[in-house]
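These are the structures in question, set out in turn.
You will see two complexes here that share subunit A, one where it goes with subunit B and one where it goes with subunit C.
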Partner chain A sequence: MAETVKGFKIDPKKLRIYGLVGSVVGIYLAYILNSVTGTNIFSFVGALAALFSVVWGANAVRRVCAYGIGTGVPSIGMLSLGMGVVAVLFGLSIAEQMGIGLLGVIIALVYSLIFGYVVGLIANRVMGFNIPVMEEGLTDLSGAGTLAILGWSFAISGSLGYADIVHSVINTGFLAIIFICGGLAILHPFNANLGPDETQDRTLINGVMVGGLSTVATGVCALMTLGLAAGMVQIVVGFAVWYYFFVWFFRLAKRDASAVVGTGLLPPTVQ
Partner chain B sequence: MNFDANTIIYLLEIIVGGLLVGIGVHFVPVGGAPAAMAQATGIGTGTVQLAAGSGLTGLLSAGLMMHAMSLSPTFAQDGYSIWPILLTGAVGAMIMMDATMLTGSWIYAYAVGAPFASAKVNYDPITMFSQPPYVAPGTVGQGIPTVCFVSGTIGAAMGGLGGALIYFPLVLINGNPAMSAIFAIGIFMVDAVLASWNIQGTIEGFHDPKFKKWPKAFKACLISTAILAVVAVLITPLVGGV
Partner chain C sequence: MDAFGMGLVAAMGALATVAGASEDIDSDIGSQSNPNSQVQLAAQVGNPHRIYNKAIAGEPPSNALWCTTAAIMAYVLIEGYHMPLLFAAAAGASLAALFDGVMSVSAYLGRNASQARFNQWIYLDIIRYTTPSIMAHVWITSFCIVLIAIMQVYILTPHHPFPIPVIALVWGLTVGAIGSSVGDIHYGGEREFQWRLFGQGLNTMLSGQIVRKAEAGLRNSIDNAWFCAKFGGPATGMGFGLTVFLDNWRTTVFDPITQAGAAIAMGVFFVIVMNLYNFYCEVSARRKYGPYPGYKGDIAA
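This part shows the complex of A and B:
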């Protein structure tokens, strides 16, 4: 009965490159598409770019948390987004002040990577965690959190300008939705799949699936900030991502289960 | 941005706020998942959730006080005064934490039916009641004994004070309450998570032996908040207003 399901195993270093390049290129691609066509319909590309960083972050969570950090997986996801939100605001604001608005993404990313590394150092040296991948993992997480917030912020604001993001993402409070939904996409996969039989592909597919749901949430926000068309496109894309990866995840879960049995309907069927 | 004496004061306020959050976490009786099953002393959820909850209520109440001040007819001359804002933040966080502990206690007492006992001390330092006879075998205490309640209230006050101390200078720097609140939450999360890693997820309060580890969290939060604070003071108001 064993159904063959497409599985994969990716080296963390490769995954880091995919996440980093995919997200940055995706965000800029969304920006270019939006400004060339003069619409905001392509804002959903920003949300898709965030999915790359979600996969990157979810993989970092599973690497670090496999050692056991004692406080539950959600704490590290919230840390990731906490570092990310500071880096995003700083990067966009500084870039605007220096008159290089477009490079805000890069400044935010560089700051977050440095800060993540410092927090990792603190955790290992001061707190005495002695987790070998802690520095690496927190650098990854910080960068992933930053790019996820940037991607979804772009999906809501349709622009990379500091003023636009402050106006349509921060003042409206939608950043809180990105914070929690994005955090869920990064922390939930490992939290849901952890255990001795945890497999990388199942965890990461789960991450993309939650990312799709987060895209639906930001799409609802975009209905208000970008208008009906851009918001609806985003909701549809988010739903499609969720559905595709949910089916994939379901197959992987069946693959990894020792047995799949029907329990019958309630009340129990009489044999 | 202008770098002057005020900037240094803002920097110091944010750093002290971050430190208060980090130390405050050590006072809050966090039980985690075992406490949710009444198998450990404390509130049955994680540190981050509690810290975030008390911090956010602190921010809300501090923001409310700032709003109330700005309505005063003499606001143009007086400006903001810092102490009422900080105190309101602390009280807001204390109310949130006490409400959580009180309603949690009702459930532990009347629904789960567990006697409140601490497994870390033989006598409750405040009520002097004996604890070991009430600790169920196989558990590390249940519910929220008096000392944990008092400790949690102190922790929430420190958290709220810290949150308000981060929020207030940020509003003065960038003039945007929404952005300041989000930024304060970011700093809050980093400090709360570092502190909760230091206590490895669970603690009973100031009587817990783990409480002695607070200098480590102090150092960690000092370094991380300093890096965040330098960045925070660089953010300028939006050109052309909000």
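This part shows the complex of A and C:
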């Protein structure tokens, strides 16, 4: 195969910064764009912001689960989004009660990082997992889950207000799809690429691809909460993200596989 | 209790039976869940294969995803655009099937690419003809589950207070859990290890030594669907259908508010009867087919 595919390798610390900054800036950018233009058409930027945290979370799953947690991959992804739901509701409601609604994102993030660290401590010290990166990993996962939920919640509600999010995300039950689809975006990449020859770029590209699917799903929800135009924009953007990264993922799989064949018998050495 | 309510409960039971059966066959075609560990292990112990490797987070979360996806689409179409209920459910199931197709293909590509050192190839023809059958079964499962949720929220009285996506999430988790514990045993225990001695259980020595060759040619995942549709799928369907039917039956016959005690007592009665029946089944199997040739006695842990 003469085809060269763009691959990459990123340090986890850098990736954490990209995820944190990208998501927080993206969520606020979406909020500012919506407020300045007086529409809700830019809500899709919130969904794109969530993709940064998905990559961050997927890398954290990759690091923690590389210690041999095979069947625990789905559980840790669900745990991430579960911590995220608690942190988001806590952060937004506290901010609303204190009259600083806009800072809800930061409060939720700080709370989730502390929460994740404590859960990591309990997992390592009390339950005896003895995984060196557990505290760090769960702190990352909790933060990533929180920002992913915030981003996609913004994409559905078009607002950062606690009352708006409760009205259009929780009362409608759309939190269910954010929870499960967002959870899959964080856990599926490592789960789907599990094996001794797993590579970071392939796993993370898979994460963005599933994030694109989640954006399509939140776009469908936005068709009802934000109207036809905002929803359709989000679906189209989600589809574009999915398509681009799916093609990239396929190329990376071709690069890494021992052989990709149209059809055939078992490999010659073992027939 | 009214006849209409009882009819709805029966319909929900029937839908659940179909959903359970298709859910199990879907996971068997893709080798998802418990049997997946053996498919994954096979290449690592020197047995590359042509069996689909659909590793999507275990059955409960993945089925929760399909059902919730279908439910949000149906909910948006019903509440936001006033579409007919059946059309909305069908449209939702179609979206869920597409999502499933993407996830399945990415899992097959990813898992096999990550086993390059064991010479596990990626066969594109397997993706082409197996993925559509997986998607078709997921369509059936999510369509049935969304219809159950729609019935609970819009038709059955008293209406369920939760929104459809949340109910679908819970039913999806349930059907996945039941499929994982009922039907997968049939696939993992009977189909992947056909030549071991009956009643032996799975010896650690046999891990990864799955059957890779079929009656003619190499075994593929469609062959597994053919096998599992005979017993594993229907058994799962019966398990899930009975769960839905009996649980709703007792709260339809006895009013959950005024006759709560009777409804709970009926539930306890069902649990006791099923335990006794399970016990009978096991004793009867041991009597008919035992003592098992490969069984060396219980080993203390």
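In this text, the second predicted complex is superposed on the first by the 260 of 271 C-alpha atoms of A that agree within 3 Å, B and C clash if a C-alpha of one lies under 4 Å from a C-alpha of the other, contacts with A are read in each partner's own complex, and residues count from 1 in each chain.
By our rule, a residue touches a chain if its C-beta (ideal position, glycine included) is under 8 Å from a C-beta of that chain, and two chains touch if they have at least 3 such contacts.
Bear in mind the structure is a predicted one, so any value in this text is a computation, not a measurement.
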Now for A:38: first (subunit B), second (subunit C), both, or neither, which partner does it touch?
-> neither
Could you say whether A:163 touches subunit B, subunit C, both of them, or neither, answering first, second, both or neither?
-> first
Check the residue A:242 against both partner chains and state whether it touches subunit B (first), subunit C (second), both, or neither.
-> second
According to the contact criterion defined above, which of subunit B and subunit C contacts more residues of subunit A?
-> C
Figure out whether A:86 sits in contact with subunit B (first) or subunit C (second), or with both, or with neither.
-> first
Once the shared chain is lined up, is A:74 touching subunit B (first), subunit C (second), both, or neither of them?
-> both
Identify the partner contact of A:127: answer first if only subunit B is touched, second if only subunit C is, both if each is, neither if none is.
-> first
Which of the two partners, first being subunit B and second being subunit C, lies in contact with A:97: first, second, both, or neither?
-> first
Touching partner for A:193 - first (subunit B), second (subunit C), both, neither | second
Is A:250 contacted by the first partner subunit B, the second partner subunit C, both or neither?
-> second
Both partners, subunit B and subunit C, contact subunit A at residues 70-71, 74, 78, 171, 173, 175-176, 179
Inside the complex, what are the residues of subunit B that reach subunit A?
-> 1, 32-33, 46-49, 52, 176, 178-179, 182-183, 185-190, 193-194, 196-198, 200-201, 216-217, 219-220, 223-224, 227-228, 231-232, 234-236, 238-240, 242
Subunit A residues touching subunit B in their complex are 69-72, 74-76, 78-79, 81-86, 89-90, 93-94, 97, 111, 115, 118-119, 122-123, 126-129, 162-163, 166-167, 170-171, 173, 175-176, 179
Which residues of subunit A touch subunit C in the complex?
-> 70-71, 73-74, 77-78, 171-177, 179-181, 183-184, 187-189, 191-199, 202-203, 206, 209-210, 213, 217, 220-221, 223-224, 242, 246, 249-250, 252-254, 256-267, 269-270
In the complex formed with subunit A, which residues of subunit C make contact?
-> 37, 40, 44, 46-50, 55-58, 61-62, 64-65, 68-69, 71-73, 75-76, 79-81, 95, 99, 102-103, 106-107, 109-125, 162-169, 212, 218
